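Mind having a look at this structure? Questions to follow.
Think of it as A, B, C and D in the order they're written, each chain with its own count starting at 1.
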């Protein structure tokens, strides 16, 4: 599990929209632009899911996109972490209970950090990712991962 | 060993166009059939983003639907909410106060500025002009700040309510908004000049994805794609909802019909929106209360139907609301501008090269994303390949 | 090189970087930004209007625990608990509350590892009083 | 629904097919047409007005189980004054079938596909109709049209 500790120095993000209203997407995008500049933490947007370390999920996870999300998660190299951004990805938000929505990303894949808000501010998104990195440093999340199998 | 079955497959070449990409929004699958480099057919697969909003609206009460309508699209949320709220006002026969009307226009125009800046930034990135993307995004933050000052949130404003808006602005906020508008206007003028003169942008966008005016109306294109082709469709000018009858503005129409014209329409509209916002702030009526007490709004909705149009940043947005006197709407029909532009707009790709495809798609301002899942199938000059099923299976296992 | 380009380069060389050194340096948030909110139980009358009107069904009415003194004007002894994961921060509950019982903050730092609700924050308003 | 509004003079060519007209707030004119003639009406639109003088804004279907009908509204915007005209027709709920108009107005494609997928109105002659255009496959497999009032989704 040494690899986990190395990842925290420069995690690469992969962003996947599972049927969001774009509100969270443009905030994730805003979080990557010069005003907030996450490259200070080594955070970079990965071009492909196979290069990614952290999967940023936005959106209410529609049934069609849910299959894709699962496949993307399986394709990610270990160790992998998932950040759910926005009320929709956390629990379904206003769309919970609709016939084509799976009510949140954690019904499909295990989620490590939740960032609620509709949409969360770019600062909040950075906050969540930094929280994850801090936890990686302490090694707690690795134990939790191992327990979950 | 005898070959029992022959499967005929074209020479399939799968190329994901563009990387996975936070700049683009909703997921969509474009199946592009290419003959060599030339696009011959485009199939559009949708449904990755179908959240059943119309059914959800039928299940919830009118007032809850205002907030659900705002969440159909995050980028044009105030326009969605405004269109729905105006439909409810028609059913209830209510009229908002003049000050509320002006504030609604302000919120919608600020949204138009940020939406147009966003899509122009995305276009710059698609063309490989990353610096410009970052610069526009940096300056877009000023507009987001303006939205935050006005509505209390950066993106999802939740600003509209029946017979008014949900918060008012005072003098200090007004002055701050005005100073932000001054700064933004300078930058937009600079970017507009850049899009007009830059050699790379001109080479990539001029004469790409040309849509004739006849085609634009046949395929029911709305918004900047229609206005870029010389068709004057602007619900703001024709329906004169809210305060648009009192605020002077021009409808931008260009004749060229190519991707470049569509982007220029957006820059000109953004400038127009800046001057409209400034007009609103300078002429804000003081005599009336813009914020209704939400506890005292009418609870009962009489039966009735209404069809409202609004001009979203991407084009004409329509809401049809049918009430049968119950606390929940009987039918809500939402037609977003991208729905027409993307699904019907497949014809514009044909005859252009694969490399032009992202530029054309972005010039539509898609409310959809996932160029990363556009699959290119190469039907190169009718060359066919016959492969036995067995070979296929072995090939797959390697 | 065009002269306008040189001007641009020089201006950008000497201007301050646009980046905010978040989280070392806090960004300025509007005081009326719609952040985390919770019910003030000294004012709440347990009418559950906010729960009915919530577009995301994020508010659940819950019994006030025995060890807290429930105010007299709350006859049913229930109070709203907001699920911050479901909440869309539209502040419809704040606006419809007949007694204006919601306390609003501009706290936006809500990221967490597990589900968070307004239970603790709301009950603290009682503890202070009692 | 007060007094019946008169058709704009530009749309006089429709008068043979009009069953009745009434208005909808704010100033939309509804023209009720027999479902047999919808195709003919749009042919006339194309012939008399021609492109680019009108476009189909949207197609909205509504289910009325009590009357056992499905109502289909075609919202047509007439340019350049941008007057919205509603062509309204009723179909039997058991067998909602209507002639497709995409051969005349290809812009109706999006609306027809959506109405078929969500409400089950079959547009004859539209070969792009398919289920699961929007609706998730598990709903499609059960044969449910989600916007019908009796569907449980």
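As a convention for this text, a residue touches a chain if its C-beta (ideal position, glycine included) is under 8 Å from a C-beta of that chain, and two chains touch if they have at least 3 such contacts.
Remember, predicted model here, so these are calculated numbers, not experimental data.
Q: Using the stated contact rule, I'd like to know whether B-D or B-C comes out ahead in C-beta pair count.
A: Between the two chain pairs, B-D has more contacting C-beta pairs.
Q: Rounded to the nearest whole Å, what is the centre-to-centre distance of chain A and chain B, using the mean of the C-alpha atoms as each centre?
A: Once rounded, the distance between the two centres reads 25 Å.
Q: Report the inter-chain centroid distance for chain B and chain C in whole angstrom, where each centroid is the mean of the CA atoms.
A: 29
Q: Centroid from C-alpha atoms only, then distance chain A to chain D, rounded to Å. What do you get?
A: A distance of 42 Å separates the two centres.
Q: Find every residue in chain B that makes contact with two or more other chains and list them.
A: Chain B, residues with two or more chain partners: 47, 50, 52, 55, 67-68, 71, 138, 156.
Q: Which residues does chain C have that touch at least 2 chains other than itself?
A: 18, 55-56, 88-90
Q: Using the touch definition from the top, which residues of chain A touch two or more other chains?
A: Each of 34-35, 62, 64, 93-94, 97, 99-100, 118, 121 in chain A touches at least two other chains.
Q: Of all possible chain pairs, which ones touch?
A: Chains touch in the following pairs: A-B, A-C, A-D, B-C, B-D.
Q: Once bound in the complex, which stretches of chain B touch chain A?
A: Residues 19-23, 25-27, 47-53, 55-56, 59, 67-68, 71-75, 77, 118, 134, 137-138, 140-141, 144, 154-156, 367, 369-370 of chain B touch chain A in their complex.
Q: In their complex, what parts of chain A are in touch with chain B?
A: So the residues of chain A touching chain B come out as 14-30, 32-35, 45-49, 59-60, 62, 64-65, 68, 93-95, 97-101, 118-119, 121.
Q: Flag every residue of chain A that touches chain D in the complex, lowest number first.
A: Residues in contact with chain D: 62-64, 99-100.
Q: Tell me, which parts of chain D touch chain B in their complex?
A: Spelled out, the residues of chain D in touch with chain B are 24-26, 28, 51-58, 60, 62-63, 73, 75, 77, 79-82, 84, 86, 105-111, 113-114, 118, 132-136, 146-147, 153.
Q: Under the touch definition given earlier, write down the residues of chain D that touch chain A in their complex.
A: 134-139, 146, 153
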